[in-house]
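Here is the structure we will look at.
Going by the order they are written in, the chains are A, B, C and D; count residues from 1 in each one.
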Amino acid sequence: MIQPEIENHIRDDAFSNWLGADIEIIQPGYSRVSLTVSETMLNFHGTTHGGLIFALGDIAFAAASNSYGCTALALSVAISFLRPAALGDQLVAEAKEVNSGKTTALYDIVVTDRKNQKLVAKSQATVYRTHRSFA
Amino acid sequence: MIQPEIENHIRDDAFSNWLGADIEIIQPGYSRVSLTVSETMLNFHGTTHGGLIFALGDIAFAAASNSYGCTALALSVAISFLRPAALGDQLVAEAKEVNSGKTTALYDIVVTDRKNQKLVAKSQATVYRTHRSFA
Amino acid sequence: MIQPEIENHIRDDAFSNWLGADIEIIQPGYSRVSLTVSETMLNFHGTTHGGLIFALGDIAFAAASNSYGCTALALSVAISFLRPAALGDQLVAEAKEVNSGKTTALYDIVVTDRKNQKLVAKSQATVYRTHRSFA
Amino acid sequence: MIQPEIENHIRDDAFSNWLGADIEIIQPGYSRVSLTVSETMLNFHGTTHGGLIFALGDIAFAAASNSYGCTALALSVAISFLRPAALGDQLVAEAKEVNSGKTTALYDIVVTDRKNQKLVAKSQATVYRTHRSFA
(Lines give C-alpha, C1' and ligand atoms only; values in the text may rest on other atoms or scores of the structure.)
Protein backbone atom coordinates (compact mmCIF):
# COMPACT_ATOMS: atom_id res chain seq x y z
CA MET A 1 0.00 0.00 0.00
CA ILE A 2 2.96 2.33 0.33
CA GLN A 3 5.73 2.77 -2.24
CA PRO A 4 8.68 0.39 -1.92
CA GLU A 5 11.24 3.23 -1.89
CA ILE A 6 9.45 4.86 1.04
CA GLU A 7 9.17 1.57 2.90
CA ASN A 8 12.82 0.73 2.28
CA HIS A 9 13.92 4.13 3.50
CA ILE A 10 11.89 3.78 6.72
CA ARG A 11 13.21 0.27 7.36
CA ASP A 12 16.78 1.51 7.05
CA ASP A 13 16.77 2.76 10.64
CA ALA A 14 19.99 2.15 12.56
CA PHE A 15 18.57 2.40 16.09
CA SER A 16 15.59 0.19 15.27
CA ASN A 17 17.86 -2.44 13.77
CA TRP A 18 20.31 -2.24 16.66
CA LEU A 19 17.48 -2.85 19.14
CA GLY A 20 16.30 -5.80 17.05
CA ALA A 21 12.86 -4.33 16.42
CA ASP A 22 10.73 -5.99 13.76
CA ILE A 23 8.73 -3.49 11.68
CA GLU A 24 5.81 -5.80 10.89
CA ILE A 25 3.51 -3.44 9.00
CA ILE A 26 3.74 0.03 7.46
CA GLN A 27 0.57 1.42 5.93
CA PRO A 28 -0.49 5.00 5.28
CA GLY A 29 -0.78 6.53 8.74
CA TYR A 30 -0.27 3.22 10.53
CA SER A 31 2.55 0.95 11.67
CA ARG A 32 3.07 -2.08 13.90
CA VAL A 33 6.46 -2.98 15.35
CA SER A 34 7.47 -5.76 17.75
CA LEU A 35 10.47 -6.68 19.88
CA THR A 36 11.36 -9.31 22.44
CA VAL A 37 12.79 -7.97 25.69
CA SER A 38 16.40 -9.04 26.20
CA GLU A 39 18.64 -8.77 29.28
CA THR A 40 20.25 -5.62 27.91
CA MET A 41 16.85 -3.89 27.99
CA LEU A 42 16.21 -4.14 31.73
CA ASN A 43 16.46 -1.36 34.31
CA PHE A 44 17.88 -1.57 37.83
CA HIS A 45 14.51 -2.76 39.16
CA GLY A 46 14.80 -5.81 36.86
CA THR A 47 11.88 -4.82 34.60
CA THR A 48 11.91 -3.49 31.04
CA HIS A 49 13.42 -0.01 30.84
CA GLY A 50 10.94 2.81 30.19
CA GLY A 51 13.32 4.17 27.60
CA LEU A 52 13.08 0.94 25.63
CA ILE A 53 9.27 0.90 25.81
CA PHE A 54 9.17 4.49 24.57
CA ALA A 55 11.69 3.74 21.83
CA LEU A 56 9.60 0.84 20.52
CA GLY A 57 6.53 3.07 20.31
CA ASP A 58 8.64 5.80 18.71
CA ILE A 59 9.76 3.45 15.94
CA ALA A 60 6.12 2.69 15.11
CA PHE A 61 5.27 6.42 15.35
CA ALA A 62 8.07 7.38 12.95
CA ALA A 63 7.10 4.67 10.47
CA ALA A 64 3.41 5.64 10.53
CA SER A 65 3.94 9.39 10.34
CA ASN A 66 6.53 9.18 7.56
CA SER A 67 4.53 6.62 5.58
CA TYR A 68 3.34 9.26 3.09
CA GLY A 69 6.93 9.88 1.97
CA CYS A 70 7.26 13.41 3.35
CA THR A 71 9.46 14.09 6.35
CA ALA A 72 7.45 14.20 9.58
CA LEU A 73 9.25 15.44 12.69
CA ALA A 74 8.13 14.53 16.22
CA LEU A 75 7.20 17.63 18.22
CA SER A 76 5.87 16.08 21.42
CA VAL A 77 4.90 12.75 22.92
CA ALA A 78 2.96 12.18 26.15
CA ILE A 79 3.47 8.60 27.35
CA SER A 80 1.72 6.82 30.23
CA PHE A 81 3.34 3.69 31.64
CA LEU A 82 0.65 1.23 32.67
CA ARG A 83 2.24 -2.14 33.46
CA PRO A 84 5.79 -3.45 33.82
CA ALA A 85 7.14 -5.81 31.18
CA ALA A 86 9.55 -8.65 31.92
CA LEU A 87 12.55 -10.33 30.33
CA GLY A 88 11.42 -12.42 27.37
CA ASP A 89 8.10 -10.61 26.85
CA GLN A 90 7.22 -9.84 23.26
CA LEU A 91 6.07 -6.23 23.07
CA VAL A 92 4.01 -4.90 20.18
CA ALA A 93 3.72 -1.19 19.40
CA GLU A 94 1.03 0.20 17.13
CA ALA A 95 0.88 3.82 15.97
CA LYS A 96 -2.26 5.13 14.29
CA GLU A 97 -3.06 8.55 12.89
CA VAL A 98 -6.08 10.12 14.57
CA ASN A 99 -5.96 13.55 12.98
CA SER A 100 -4.06 15.18 10.15
CA GLY A 101 -3.98 18.94 9.68
CA LYS A 102 -2.08 21.17 7.29
CA THR A 103 1.09 21.41 9.36
CA THR A 104 0.71 18.87 12.17
CA ALA A 105 -0.77 15.40 12.72
CA LEU A 106 -1.75 13.50 15.86
CA TYR A 107 -1.05 9.82 16.55
CA ASP A 108 -2.17 7.32 19.19
CA ILE A 109 0.50 4.81 20.15
CA VAL A 110 -0.16 1.68 22.21
CA VAL A 111 2.38 -0.83 23.44
CA THR A 112 0.93 -4.21 24.44
CA ASP A 113 2.21 -7.54 25.64
CA ARG A 114 1.55 -9.93 22.73
CA LYS A 115 0.83 -12.92 24.96
CA ASN A 116 -1.83 -11.49 27.26
CA GLN A 117 -2.84 -8.50 25.10
CA LYS A 118 -2.55 -6.19 28.10
CA LEU A 119 -1.56 -2.54 27.71
CA VAL A 120 2.00 -1.76 28.76
CA ALA A 121 2.04 1.90 27.71
CA LYS A 122 -0.04 4.40 25.75
CA SER A 123 0.96 7.68 24.12
CA GLN A 124 -0.50 10.64 22.33
CA ALA A 125 2.00 12.17 19.91
CA THR A 126 2.28 15.11 17.52
CA VAL A 127 4.41 15.51 14.40
CA TYR A 128 5.23 18.55 12.36
CA ARG A 129 4.53 17.75 8.70
CA THR A 130 7.01 19.08 6.19
CA HIS A 131 6.35 18.81 2.49
CA ARG A 132 9.82 17.50 1.68
CA SER A 133 9.92 14.02 0.12
CA PHE A 134 12.67 11.82 1.52
CA ALA A 135 12.56 8.93 -0.97
CA MET B 1 25.36 12.65 49.45
CA ILE B 2 23.39 9.47 48.82
CA GLN B 3 24.22 6.09 50.34
CA PRO B 4 26.69 3.94 48.39
CA GLU B 5 24.34 0.92 48.31
CA ILE B 6 21.61 3.05 46.73
CA GLU B 7 24.02 4.56 44.22
CA ASN B 8 25.47 1.15 43.32
CA HIS B 9 22.01 -0.29 42.80
CA ILE B 10 21.01 2.59 40.49
CA ARG B 11 24.24 2.30 38.49
CA ASP B 12 23.62 -1.40 37.93
CA ASP B 13 21.23 -0.66 35.03
CA ALA B 14 21.55 -2.98 32.06
CA PHE B 15 19.96 -0.73 29.43
CA SER B 16 21.92 2.31 30.54
CA ASN B 17 25.18 0.36 30.40
CA TRP B 18 24.30 -1.16 27.04
CA LEU B 19 23.70 2.31 25.58
CA GLY B 20 27.00 3.48 27.03
CA ALA B 21 25.42 6.20 29.16
CA ASP B 22 27.62 7.80 31.81
CA ILE B 23 25.74 8.53 35.04
CA GLU B 24 27.82 11.55 36.08
CA ILE B 25 25.97 12.63 39.22
CA ILE B 26 23.28 11.23 41.49
CA GLN B 27 22.11 13.46 44.33
CA PRO B 28 18.86 13.47 46.28
CA GLY B 29 16.22 14.36 43.69
CA TYR B 30 18.76 15.11 40.97
CA SER B 31 20.86 13.32 38.38
CA ARG B 32 22.99 14.13 35.34
CA VAL B 33 23.75 11.57 32.66
CA SER B 34 25.66 11.92 29.38
CA LEU B 35 26.17 9.93 26.21
CA THR B 36 27.88 10.39 22.87
CA VAL B 37 25.71 9.66 19.84
CA SER B 38 26.99 6.68 17.87
CA GLU B 39 25.97 5.38 14.42
CA THR B 40 23.68 2.79 16.01
CA MET B 41 21.61 5.61 17.54
CA LEU B 42 20.52 7.31 14.33
CA ASN B 43 17.11 7.17 12.69
CA PHE B 44 16.27 6.87 8.99
CA HIS B 45 16.53 10.67 8.61
CA GLY B 46 20.18 10.43 9.72
CA THR B 47 19.67 12.31 13.00
CA THR B 48 19.62 10.99 16.57
CA HIS B 49 16.62 8.74 17.22
CA GLY B 50 13.90 10.25 19.43
CA GLY B 51 13.79 6.98 21.34
CA LEU B 52 17.45 7.39 22.28
CA ILE B 53 16.96 10.99 23.39
CA PHE B 54 14.01 9.95 25.54
CA ALA B 55 15.95 6.99 26.94
CA LEU B 56 18.83 9.23 28.01
CA GLY B 57 16.42 11.53 29.85
CA ASP B 58 14.69 8.51 31.35
CA ILE B 59 17.95 7.21 32.81
CA ALA B 60 18.49 10.56 34.56
CA PHE B 61 14.84 10.59 35.67
CA ALA B 62 15.08 7.08 37.16
CA ALA B 63 18.33 7.90 38.97
CA ALA B 64 16.96 11.15 40.41
CA SER B 65 13.58 9.77 41.46
CA ASN B 66 15.02 6.61 43.04
CA SER B 67 17.85 8.51 44.77
CA TYR B 68 16.07 8.34 48.15
CA GLY B 69 16.31 4.54 48.14
CA CYS B 70 12.59 3.83 47.78
CA THR B 71 11.22 2.46 44.54
CA ALA B 72 9.78 5.20 42.32
CA LEU B 73 7.79 4.13 39.27
CA ALA B 74 7.32 6.34 36.21
CA LEU B 75 3.65 7.09 35.58
CA SER B 76 3.84 9.58 32.73
CA VAL B 77 6.32 11.65 30.77
CA ALA B 78 5.54 14.48 28.35
CA ILE B 79 8.54 15.14 26.11
CA SER B 80 9.02 17.97 23.60
CA PHE B 81 11.67 17.55 20.92
CA LEU B 82 13.29 20.91 20.21
CA ARG B 83 16.37 20.40 18.02
CA PRO B 84 17.90 17.48 16.14
CA ALA B 85 21.17 15.99 17.41
CA ALA B 86 23.85 14.59 15.13
CA LEU B 87 26.33 11.73 15.09
CA GLY B 88 29.13 12.42 17.55
CA ASP B 89 27.22 14.97 19.62
CA GLN B 90 27.60 14.60 23.37
CA LEU B 91 24.15 14.82 24.93
CA VAL B 92 23.62 15.63 28.59
CA ALA B 93 20.39 14.85 30.42
CA GLU B 94 19.53 16.42 33.76
CA ALA B 95 16.52 15.44 35.87
CA LYS B 96 15.49 17.60 38.81
CA GLU B 97 12.67 17.21 41.30
CA VAL B 98 10.28 20.14 41.23
CA ASN B 99 7.62 18.82 43.58
CA SER B 100 7.29 15.88 45.95
CA GLY B 101 3.94 14.85 47.39
CA LYS B 102 2.89 11.91 49.54
CA THR B 103 2.37 9.49 46.67
CA THR B 104 3.74 11.20 43.57
CA ALA B 105 6.61 13.49 42.59
CA LEU B 106 7.22 15.71 39.56
CA TYR B 107 10.50 16.07 37.67
CA ASP B 108 11.80 18.40 34.98
CA ILE B 109 14.16 16.74 32.52
CA VAL B 110 16.29 18.63 30.01
CA VAL B 111 18.54 17.16 27.34
CA THR B 112 21.16 19.55 26.00
CA ASP B 113 24.05 19.42 23.56
CA ARG B 114 27.17 19.76 25.74
CA LYS B 115 29.12 21.72 23.15
CA ASN B 116 26.70 24.53 22.35
CA GLN B 117 24.51 24.22 25.47
CA LYS B 118 21.38 24.27 23.33
CA LEU B 119 18.23 22.43 24.35
CA VAL B 120 17.57 19.21 22.44
CA ALA B 121 14.50 18.06 24.39
CA LYS B 122 12.57 18.90 27.54
CA SER B 123 10.18 16.77 29.58
CA GLN B 124 7.85 16.99 32.53
CA ALA B 125 7.54 13.63 34.29
CA THR B 126 5.63 12.06 37.17
CA VAL B 127 6.57 9.10 39.37
CA TYR B 128 4.51 7.08 41.80
CA ARG B 129 6.43 6.91 45.08
CA THR B 130 6.32 3.59 46.89
CA HIS B 131 7.73 3.24 50.38
CA ARG B 132 9.66 0.07 49.58
CA SER B 133 13.45 0.32 49.96
CA PHE B 134 15.35 -1.39 47.17
CA ALA B 135 18.86 -1.35 48.62
CA MET C 1 -26.13 2.04 35.90
CA ILE C 2 -24.50 4.10 38.63
CA GLN C 3 -26.05 4.84 42.01
CA PRO C 4 -28.24 7.94 42.20
CA GLU C 5 -26.34 9.38 45.19
CA ILE C 6 -23.08 9.15 43.25
CA GLU C 7 -24.63 10.68 40.15
CA ASN C 8 -26.25 13.49 42.15
CA HIS C 9 -22.97 14.27 43.86
CA ILE C 10 -21.12 14.46 40.54
CA ARG C 11 -23.80 16.67 38.99
CA ASP C 12 -23.53 19.11 41.89
CA ASP C 13 -20.47 20.77 40.33
CA ALA C 14 -20.39 24.55 40.64
CA PHE C 15 -17.96 25.27 37.78
CA SER C 16 -19.74 22.92 35.40
CA ASN C 17 -23.08 24.52 36.20
CA TRP C 18 -21.67 28.03 35.90
CA LEU C 19 -20.30 27.24 32.43
CA GLY C 20 -23.68 25.82 31.45
CA ALA C 21 -22.31 22.35 30.68
CA ASP C 22 -24.85 19.57 30.20
CA ILE C 23 -23.68 16.26 31.71
CA GLU C 24 -25.55 13.99 29.29
CA ILE C 25 -24.35 10.58 30.44
CA ILE C 26 -22.46 9.14 33.40
CA GLN C 27 -21.70 5.43 33.30
CA PRO C 28 -19.01 3.39 35.04
CA GLY C 29 -15.76 4.72 33.58
CA TYR C 30 -17.49 6.86 30.97
CA SER C 31 -19.13 10.25 30.63
CA ARG C 32 -20.39 12.57 27.90
CA VAL C 33 -20.82 16.30 28.44
CA SER C 34 -21.87 19.06 26.03
CA LEU C 35 -21.85 22.84 25.91
CA THR C 36 -22.69 25.55 23.40
CA VAL C 37 -19.98 28.17 22.94
CA SER C 38 -21.15 31.62 24.09
CA GLU C 39 -19.52 35.04 23.60
CA THR C 40 -18.01 34.88 27.08
CA MET C 41 -16.02 31.79 26.04
CA LEU C 42 -14.00 33.36 23.23
CA ASN C 43 -10.34 34.36 23.29
CA PHE C 44 -8.71 37.47 21.80
CA HIS C 45 -8.41 35.72 18.42
CA GLY C 46 -12.21 35.38 18.37
CA THR C 47 -12.25 31.59 18.63
CA THR C 48 -13.19 29.36 21.57
CA HIS C 49 -10.72 29.69 24.43
CA GLY C 50 -8.44 26.69 24.97
CA GLY C 51 -9.18 26.91 28.67
CA LEU C 52 -12.87 26.37 27.97
CA ILE C 53 -12.20 23.40 25.68
CA PHE C 54 -9.98 21.84 28.34
CA ALA C 55 -12.55 22.55 31.06
CA LEU C 56 -15.30 20.79 29.10
CA GLY C 57 -13.13 17.70 28.71
CA ASP C 58 -12.16 17.91 32.37
CA ILE C 59 -15.82 17.84 33.45
CA ALA C 60 -16.32 14.62 31.48
CA PHE C 61 -13.04 13.22 32.87
CA ALA C 62 -14.06 13.97 36.46
CA ALA C 63 -17.52 12.43 35.97
CA ALA C 64 -16.11 9.27 34.37
CA SER C 65 -13.27 8.75 36.82
CA ASN C 66 -15.43 9.38 39.90
CA SER C 67 -18.31 7.26 38.60
CA TYR C 68 -17.41 4.34 40.89
CA GLY C 69 -18.12 6.49 43.97
CA CYS C 70 -14.52 6.71 45.22
CA THR C 71 -12.62 9.97 44.99
CA ALA C 72 -10.38 10.10 41.91
CA LEU C 73 -7.88 12.96 41.68
CA ALA C 74 -6.45 14.19 38.37
CA LEU C 75 -2.68 13.83 38.28
CA SER C 76 -1.89 14.84 34.72
CA VAL C 77 -3.57 15.63 31.42
CA ALA C 78 -1.89 15.95 28.02
CA ILE C 79 -4.19 17.81 25.62
CA SER C 80 -3.72 18.38 21.89
CA PHE C 81 -5.69 21.15 20.23
CA LEU C 82 -6.68 20.09 16.72
CA ARG C 83 -9.20 22.57 15.31
CA PRO C 84 -10.60 25.92 16.39
CA ALA C 85 -14.24 26.11 17.51
CA ALA C 86 -16.49 29.11 16.87
CA LEU C 87 -19.22 31.04 18.65
CA GLY C 88 -22.42 28.98 18.70
CA ASP C 89 -20.72 25.62 18.11
CA GLN C 90 -22.01 22.78 20.25
CA LEU C 91 -19.01 20.93 21.68
CA VAL C 92 -19.25 17.39 23.02
CA ALA C 93 -16.65 15.91 25.35
CA GLU C 94 -16.40 12.18 25.99
CA ALA C 95 -14.11 10.60 28.58
CA LYS C 96 -13.52 6.85 28.56
CA GLU C 97 -11.42 4.67 30.83
CA VAL C 98 -8.72 2.79 28.94
CA ASN C 99 -6.88 1.26 31.85
CA SER C 100 -7.46 0.88 35.56
CA GLY C 101 -4.71 -0.16 37.94
CA LYS C 102 -4.56 -0.42 41.71
CA THR C 103 -3.70 3.21 42.35
CA THR C 104 -4.09 5.00 39.01
CA ALA C 105 -6.34 4.89 35.96
CA LEU C 106 -5.94 6.24 32.41
CA TYR C 107 -8.63 8.01 30.39
CA ASP C 108 -8.97 9.10 26.77
CA ILE C 109 -10.88 12.34 26.31
CA VAL C 110 -12.13 13.64 22.97
CA VAL C 111 -13.86 16.94 22.29
CA THR C 112 -15.78 17.06 19.01
CA ASP C 113 -18.01 19.51 17.18
CA ARG C 114 -21.50 17.94 17.31
CA LYS C 115 -22.52 19.24 13.89
CA ASN C 116 -19.65 18.02 11.74
CA GLN C 117 -18.29 15.36 14.12
CA LYS C 118 -14.78 16.69 13.70
CA LEU C 119 -12.21 16.46 16.46
CA VAL C 120 -11.54 19.74 18.28
CA ALA C 121 -9.19 18.37 20.95
CA LYS C 122 -7.94 15.05 22.33
CA SER C 123 -6.38 14.24 25.69
CA GLN C 124 -4.77 11.42 27.58
CA ALA C 125 -5.30 11.78 31.32
CA THR C 126 -4.32 10.03 34.56
CA VAL C 127 -6.11 9.95 37.92
CA TYR C 128 -4.94 8.82 41.32
CA ARG C 129 -7.56 6.45 42.71
CA THR C 130 -8.30 6.78 46.41
CA HIS C 131 -10.51 4.28 48.18
CA ARG C 132 -12.58 6.95 49.95
CA SER C 133 -16.28 6.97 49.06
CA PHE C 134 -17.69 10.45 48.56
CA ALA C 135 -21.42 9.66 48.49
CA MET D 1 8.18 46.63 26.61
CA ILE D 2 5.55 45.41 24.15
CA GLN D 3 3.56 47.67 21.84
CA PRO D 4 0.33 49.09 23.28
CA GLU D 5 -1.79 47.83 20.35
CA ILE D 6 -0.54 44.28 20.94
CA GLU D 7 -1.10 44.52 24.68
CA ASN D 8 -4.60 45.96 24.22
CA HIS D 9 -5.52 43.21 21.80
CA ILE D 10 -4.35 40.49 24.21
CA ARG D 11 -6.21 42.08 27.12
CA ASP D 12 -9.43 42.10 25.12
CA ASP D 13 -10.10 38.44 25.94
CA ALA D 14 -13.73 37.60 26.69
CA PHE D 15 -13.14 34.37 28.64
CA SER D 16 -10.35 35.89 30.72
CA ASN D 17 -12.53 38.87 31.58
CA TRP D 18 -15.54 36.67 32.35
CA LEU D 19 -13.46 34.61 34.79
CA GLY D 20 -12.21 37.82 36.40
CA ALA D 21 -8.54 37.08 35.67
CA ASP D 22 -6.09 39.94 36.16
CA ILE D 23 -3.37 40.02 33.49
CA GLU D 24 -0.66 41.58 35.66
CA ILE D 25 2.29 41.55 33.27
CA ILE D 26 2.86 40.93 29.57
CA GLN D 27 6.45 41.03 28.37
CA PRO D 28 8.09 39.45 25.31
CA GLY D 29 7.72 35.70 25.91
CA TYR D 30 6.41 36.12 29.45
CA SER D 31 3.15 36.80 31.25
CA ARG D 32 1.76 36.70 34.78
CA VAL D 33 -1.97 36.42 35.47
CA SER D 34 -3.84 36.11 38.78
CA LEU D 35 -7.34 35.24 39.93
CA THR D 36 -9.12 34.70 43.24
CA VAL D 37 -11.09 31.46 43.47
CA SER D 38 -14.82 32.10 43.79
CA GLU D 39 -17.66 29.67 44.64
CA THR D 40 -18.50 29.27 40.96
CA MET D 41 -15.02 27.82 40.36
CA LEU D 42 -15.29 24.80 42.65
CA ASN D 43 -15.80 21.17 41.65
CA PHE D 44 -18.00 18.54 43.31
CA HIS D 45 -15.20 17.69 45.75
CA GLY D 46 -15.34 21.30 47.00
CA THR D 47 -11.88 22.24 45.71
CA THR D 48 -10.91 24.45 42.75
CA HIS D 49 -11.89 22.88 39.42
CA GLY D 50 -8.99 21.55 37.35
CA GLY D 51 -10.53 23.24 34.33
CA LEU D 52 -10.24 26.62 36.04
CA ILE D 53 -6.62 26.01 37.04
CA PHE D 54 -5.78 25.03 33.46
CA ALA D 55 -7.67 28.04 32.08
CA LEU D 56 -5.71 30.44 34.28
CA GLY D 57 -2.42 28.98 33.03
CA ASP D 58 -3.75 29.08 29.47
CA ILE D 59 -4.48 32.81 29.72
CA ALA D 60 -0.88 33.44 30.76
CA PHE D 61 0.36 31.08 28.01
CA ALA D 62 -1.67 32.88 25.33
CA ALA D 63 -0.50 36.31 26.51
CA ALA D 64 3.17 35.25 26.60
CA SER D 65 3.17 33.40 23.28
CA ASN D 66 1.29 36.14 21.42
CA SER D 67 3.37 38.94 22.97
CA TYR D 68 5.42 39.39 19.79
CA GLY D 69 2.30 40.43 17.87
CA CYS D 70 2.11 37.38 15.59
CA THR D 71 -0.63 34.81 16.08
CA ALA D 72 0.56 31.82 18.13
CA LEU D 73 -1.73 28.80 18.28
CA ALA D 74 -1.59 26.25 21.11
CA LEU D 75 -0.76 22.78 19.81
CA SER D 76 -0.41 20.82 23.05
CA VAL D 77 -0.23 21.29 26.79
CA ALA D 78 0.81 18.70 29.38
CA ILE D 79 -0.41 19.76 32.83
CA SER D 80 0.39 18.14 36.19
CA PHE D 81 -1.89 18.92 39.12
CA LEU D 82 0.17 19.09 42.30
CA ARG D 83 -1.97 20.50 45.13
CA PRO D 84 -5.64 21.36 45.58
CA ALA D 85 -6.63 25.03 45.84
CA ALA D 86 -9.49 26.28 48.00
CA LEU D 87 -12.22 28.90 47.88
CA GLY D 88 -10.69 32.36 48.33
CA ASP D 89 -7.15 31.36 47.34
CA GLN D 90 -5.38 33.78 45.06
CA LEU D 91 -3.78 31.81 42.25
CA VAL D 92 -0.96 33.18 40.13
CA ALA D 93 -0.05 31.74 36.73
CA GLU D 94 3.25 32.51 35.04
CA ALA D 95 4.12 31.46 31.49
CA LYS D 96 7.69 31.74 30.27
CA GLU D 97 9.24 30.90 26.91
CA VAL D 98 11.95 28.25 27.18
CA ASN D 99 12.63 27.71 23.50
CA SER D 100 11.66 29.37 20.26
CA GLY D 101 12.17 27.70 16.90
CA LYS D 102 11.17 28.69 13.39
CA THR D 103 7.66 27.24 13.53
CA THR D 104 7.06 26.27 17.17
CA ALA D 105 7.92 27.54 20.65
CA LEU D 106 7.90 25.87 24.07
CA TYR D 107 6.60 27.43 27.31
CA ASP D 108 6.76 26.50 30.97
CA ILE D 109 3.65 27.42 32.93
CA VAL D 110 3.41 27.36 36.72
CA VAL D 111 0.36 28.05 38.83
CA THR D 112 1.13 28.91 42.46
CA ASP D 113 -0.82 29.94 45.55
CA ARG D 114 0.19 33.57 46.16
CA LYS D 115 0.01 33.28 49.93
CA ASN D 116 2.21 30.26 50.57
CA GLN D 117 4.06 30.27 47.22
CA LYS D 118 3.37 26.55 46.81
CA LEU D 119 2.97 24.98 43.38
CA VAL D 120 -0.62 24.14 42.43
CA ALA D 121 0.05 22.98 38.86
CA LYS D 122 2.82 22.96 36.28
CA SER D 123 2.64 22.61 32.50
CA GLN D 124 4.84 22.28 29.47
CA ALA D 125 3.17 23.73 26.39
CA THR D 126 3.84 24.13 22.66
CA VAL D 127 2.56 26.75 20.22
CA TYR D 128 2.61 26.87 16.48
CA ARG D 129 4.04 30.24 15.43
CA THR D 130 2.40 31.89 12.45
CA HIS D 131 3.88 35.02 10.93
CA ARG D 132 0.54 36.85 10.77
CA SER D 133 0.37 40.07 12.82
CA PHE D 134 -2.89 40.47 14.70
CA ALA D 135 -2.59 44.08 15.82
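Everything below uses one rule, namely that a residue touches a chain if its C-beta (ideal position, glycine included) is under 8 Å from a C-beta of that chain, and two chains touch if they have at least 3 such contacts.
Just so we're clear, the structure is a prediction, and the values are computed from it rather than from any experiment.
Summarising the inter-chain layout, the chain whose CA centre lies farthest from the centre of chain C is B. Annotation: the chain A:chain B pair of sequence copies touches via predominantly the same residues, more than half of the used numbers being shared.
For the pair chain A and chain D, the distance between C-alpha centroids works out to 33 Å.
Note: centroid distance chain A to chain B, computed from Cα atoms, is 20 Å.
Here the spacing of chain A and chain C, counted between their Cα centres, is 29 Å.
Residue positions 75-76, 78, 80, 126 of chain C each touch two or more of the other chains.
Across the complex, chain C meets chain D through its residues 9-16, 18, 39-45, 49-52, 54-56, 58-59, 62, 66, 71, 73-81, 134.
The touching residues of chain D, when paired with chain B in their complex, are 78, 80, 82-83, 98-99, 101, 106, 119, 122-124, 126. Taken together, the chain B residues at the contact with chain C in this complex read 75-76, 78, 103-104, 126, 128.
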